[in-house]
Amino acid sequence: MTKPISATPSAVLSRTAVLALLTRWCPHNWRLGLGSSILLLILLCAIFAPWLAPHSPYDQSLTDRLLRPMFMEGGSWAHPLGTDHLGRDYLSRLLYGARFSLLVGFGTIVLSAFIGIGMGVAAGYFAGKVDLIVMFILTVRLSLPIMLATLAIVGLLGNSLPLMMLVLACFLWDHFLVVARSLTLRLREAEFVLAAKASGYSDLRIMISEILPNLVGPLVVVATLEMGHAILLEAAFSFLGLGIRPPDASWGLMIAEAKDFVFFEPWLVNIPGLAIFILITAITLLGAGLQRLLVKD
Amino acid sequence: MRTFIARRLGVSLLVLLTISTLSFVLLKASGDLAISLAGEGSGADYVAFLRKTYGWDRPILVQYADWLWRLLRGDLGTSFYYGSPVLEIIAERLPVTLKLGAFAIFMALGVAFPLGSLAALRPDGWMDRVAMFIAMVGQATPIFWFSFVLILILGLNLAVLPISGGGTTAHFVMPSIALAFYAMPAIIRIVRGGMIEALASDYIRTARAKGLRPWAVIVRHALRNTLVPVVAIASVQFGFLLGGSVVVETIFALHGIGYLTWEAISQNDYPVVQASVLVVSAFYVVLTLLADLLNMLIDPRIRHD
Amino acid sequence: MFSHIRNGLALAAGLALLSPLAQASKADDTLVAAFQAQLPSLDRYHAPGREGFLLGLLAYDALLYRDPNTLEVKPLLATAWRQINPTVWEFDLRKGVKFHDGVEMTAEDVKFSLEYAADEKNRVFNRMTGGWIKSVDVINPYKVRINAEAVTPLAIEYLIQLPIIPKAYREKVGLEAFGQRPVGTGPYKVAKGKGNEIVFTRNDEYFEGGGKSKPKIKTLIYRNIPDVNTQVAELISGGVDWAYYIPNDQAARIERMPNITVKNAETFRIGFITLDAAGLSDPNSPLKNVKVRQAIAYAIDRQAIASKLVGGSSKPVNAACTPSQFGCTQNVTTYKYDPAKAKALMAEAGYKDGFSIDVYGYRSRPVAEAIIGNLNAIGIHANLRWQQYSAVIQQRRDHKTPIVIDDYGSAGVADAGGILPFFFAESPDDQSRDPIVTEAVQKAGSIADQAQRKVLYAKALNRIAEQAYWVPLFTMPVNYVFAKNLSIPIPGDENVEFWRAEWK
């Protein structure tokens, strides 16, 4: 995935700026509206899964396996999306599965943003040797094929949810770094930065309180896109048997578990496949909308 | 120019060294190799014997130096599972992945390049919307799901292509399509962005002002100008595909590097896992180095960056 | 994107209308067989699992052969045999049998092969089959005597599994090269053995008069396809002619295809769960507590898994052996599915809130998922580690596996001695290390009195069940799925006679 980030600095996010943003949050920006509504809906589904789910996602009943969803012939409202190969309610698993997708997405992004922005701002602010080192780290990171390398690490060190998020975070910070660095480079000579320096503020304080607020817009865009990336990688991991572990439900794992039926009961694969598709599309739309709102003028 | 090449080479070597260090650390972190290799509930004396034979009882830095030295001579260790040299196994599998990657990158470029260029002609026009829609769909579709859809349509319903294995070139078509679909969105975006920039540049505007038709402008001027990013994209995406082919190779039972890695993970064959990551990364480093040098030849301005 | 769903559905319906594709295989006389497992070595002595066994039958010959349906022992490389005394057997060898490299097979090769299997240093995969041999004496080039360490009631059953390899070639090329380019006397020669395919070609010189015969089909391709799903797709499209272990769900559905035959056959295979009762993987393992092990036994709904997931004629088993085996009494402590009781036992054992533990598996993912669901219901959170058969077994032997979801076909030996010594009696796979079991199993394996052996096996099996060292699961009938235009014998012991296959 590439990030269509144009590297123009955003406006300072002051209170008036926020107001201005809200007024610009207009019907023209359908991407933002649609993307955020879908994402919000999925988020609510994930949070309220215990109340929304008609059954426990773990209850297996081998006599009721592979029941079809209600929109197909032979389906019933008892299991609106049917049951899987172990007789577990598919809708419930889908709802609970959203939790893992979003957890991995958010968790990874928080960590990777921390790594990437930290290094990017430092590189841009100090320039010189620090920049050289950071750029070297970036080159190393970019020459490690993400899927293969993360798979190997998780495979060698054993899979668990925290480890998977940590490993993904260690690989998904590159865009944060690139954007943060290029924006900081332009700001380091800005008047308010020079003024802060003149007043004797520490470098750390300048970076956090003067520079960082100016990066928020473009970085939020990067975050949304990287979140999509993380979610897709988690799905691929679970599909390969190295991600979320059974009996927990994640959308990637649901596809993996249903793949033996792809030729005969394709809906089993298509429902979680479609769920991932919708989630990623929503995130992409949100990212595109945010970009128009926050970055491009 | 010579200093540029020398610097670029130096960085590449340093990157390779760092990656090899990382993979050495990873291998060491994955557990006691002597115990893994001994196997079958072996006695402590046998484990100790192995540790001594392989020099795993020496200080870690000595082991590292020794490991690097072997690496330089092309010795990647011995597979736990097959008992044969890792290099031999990788050499056998690498051509499959390279072939798959090459097919996929050509397919992806073949579709994405015209699409991205057309989209750039009129940003926000209908062609642009179509292109961006395709890019978005490609980006949001999990590759494993798409692979199954391909098998359903091309392999079973139309029965025009073989489903698994790597015996003939026909076996590569479906996996290449899946992989190309995976790489395409990024290329569309980059080509579109690059083309918009190029079309906005002064000399294109001059060309247009001279009354050249848009197509002629694109073909004669803008395309040539986007060649540099394309070489860069192709090499970056090729590396991306080499890694991303794990899923595709697993589904289509194509015995390339990605499949080998996945397989080696499920066989606890640590040396193979480590070596395949190392080899693919090294391959990528060399590829980007070549791309950079090639770009330098195409566009002399780069040298002064 | 809804078109995806609609498409998928239309496609599924379309499958039924699919016309049988031209089977290219028949035209070029090549049978393509799909297998889930990859063979790390083509040396039969180092090739694990059932596929290793099949390799042994294809490329190699043992002294004797056992009919896969009648289980009658027939001559093969040996033409006649006799027991001289309780620990010595004598074999007359077939004259004029040539290895694939043209060299004649003699008593020296037999001595070399059997003593190789017997020597613990060589670390052959199944040590049970060769470990009983003390030495082999060459009487003349066509007569050998095998001396056993002790009385070995199953000696003949073991010999069936020990292929004769050419001493000269094996010593010349060494272990690794032999594993890539093996030479035997079997009905098929290994023509190419790299990557995901092993190509076998007919051994036109194959001798007549033994229990095996010259192949009818010229070329046999062993194709490694790890994904069952891909196997099914290939079977439908005609890219693969034969596959086995196809899960019941898929088998039942592809049976409707016009070009496919499905045969469900009984086997000696049973599924079971091994528990690290001795605490080999972790001295503080909860599995050391008998109540926890019993709770696990109560927690698993074997009946439902057998009838719904395994299917066919699968039935739950209670003892740690195949019900049709000699000495396999089912009259042992049984654990009927009872999650409430399981939870109570967990609480009694001090694990009211459960624990999490590594569970290893390799064969049937849905079965493993169902078992993990059952364990989850009593608070045992399983970290499923899904790996290749050989990796899982290796790790059990390395004392790393608390729980393994395993199965075993007893190599088709119709005696409890075909399974118990492999998993108990201080074997590498013994995770209980119970002296009572060890003594009974070892004694039953070294006396000839059948009545007494039966008593000893009953003693061992009762102890195993009482202590819940294992959770025996169910019998595992196998689905053989193959092209309609192929005629291939269905074995009773999973040992497929590919050389008897022919096109219709």
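The chains carry the letters A, B and C, assigned in the order they are written, with residues numbered from 1 in each.
The rule is simple: contacts are C-beta pairs under 8 Å (C-beta built on N, C-alpha and C of every residue); 3 or more make two chains touch, one makes a residue touch a chain.
Fair warning: this is a prediction, and the values are worked out from it, not measured in the lab.
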Chains touching both chain B and chain C: A
Innermost chain, where centres are averages of C-alpha coordinates: B
Leading the contact tally is the pair A-B
If you take the mean of the Cα atoms for each chain, which one ends up farthest from chain A? C
Can you check how far apart chain B and chain C are, centre to centre, with Cα atoms defining each centre and the answer in Å? 39
Could you please state the distance in Å, as a whole number, between where the Cα atoms of chain A are centred and where those of chain B are centred? 23
Rounded to the nearest Å, the gap separating the Cα centres of chain A and chain C is 45
Counting only residues that touch at least 2 other chains, which ones in chain C make the list? 1, 4, 8, 11, 15, 227, 233, 236, 386
For chain B, write out the residues touching at least two other chains, lowest number first. 137, 151-152, 156, 250, 266
Of all the residues in chain A, which ones touch at least 2 other chains? 241, 259, 262-263, 266, 269-270, 273, 277-278
Interfacial residue positions of chain C with respect to chain B in the complex: 1, 4, 7-8, 11, 14-15, 18, 21, 38, 40-41, 123, 175-176, 179-180, 194-197, 223-227, 230, 233-234, 236-237, 239, 386-388, 390-391, 394-395, 397-399, 428
Tell me, which parts of chain B touch chain A in their complex? 11, 14-15, 18-19, 22, 26-27, 29-30, 136-137, 139-145, 148, 151-152, 156, 185-186, 189-190, 193, 236, 239-240, 242-244, 246-247, 250, 257-258, 261-262, 265-266, 270, 273-274, 276-277, 280-281, 284-285, 288
Interface with chain A, chain C side, in the complex: residues 1, 4-5, 8-9, 11-12, 15, 227-229, 232-233, 236, 247, 249-250, 253, 301, 304-305, 307-309, 365-366, 368-370, 372-374, 376-377, 382-384, 386
Any idea which chain A residues touch chain B in the complex? 1-2, 4, 136, 139-140, 142-149, 151-153, 155-157, 228, 232, 235-236, 239-242, 252, 255, 259, 262-263, 266, 269-270, 273, 276-278, 280-281, 284-285
Residues of chain B defined as touching chain C within the complex: 35-36, 38-41, 81-84, 92, 137, 149, 151-153, 155-157, 159, 162-167, 250-253, 255, 263, 266-269
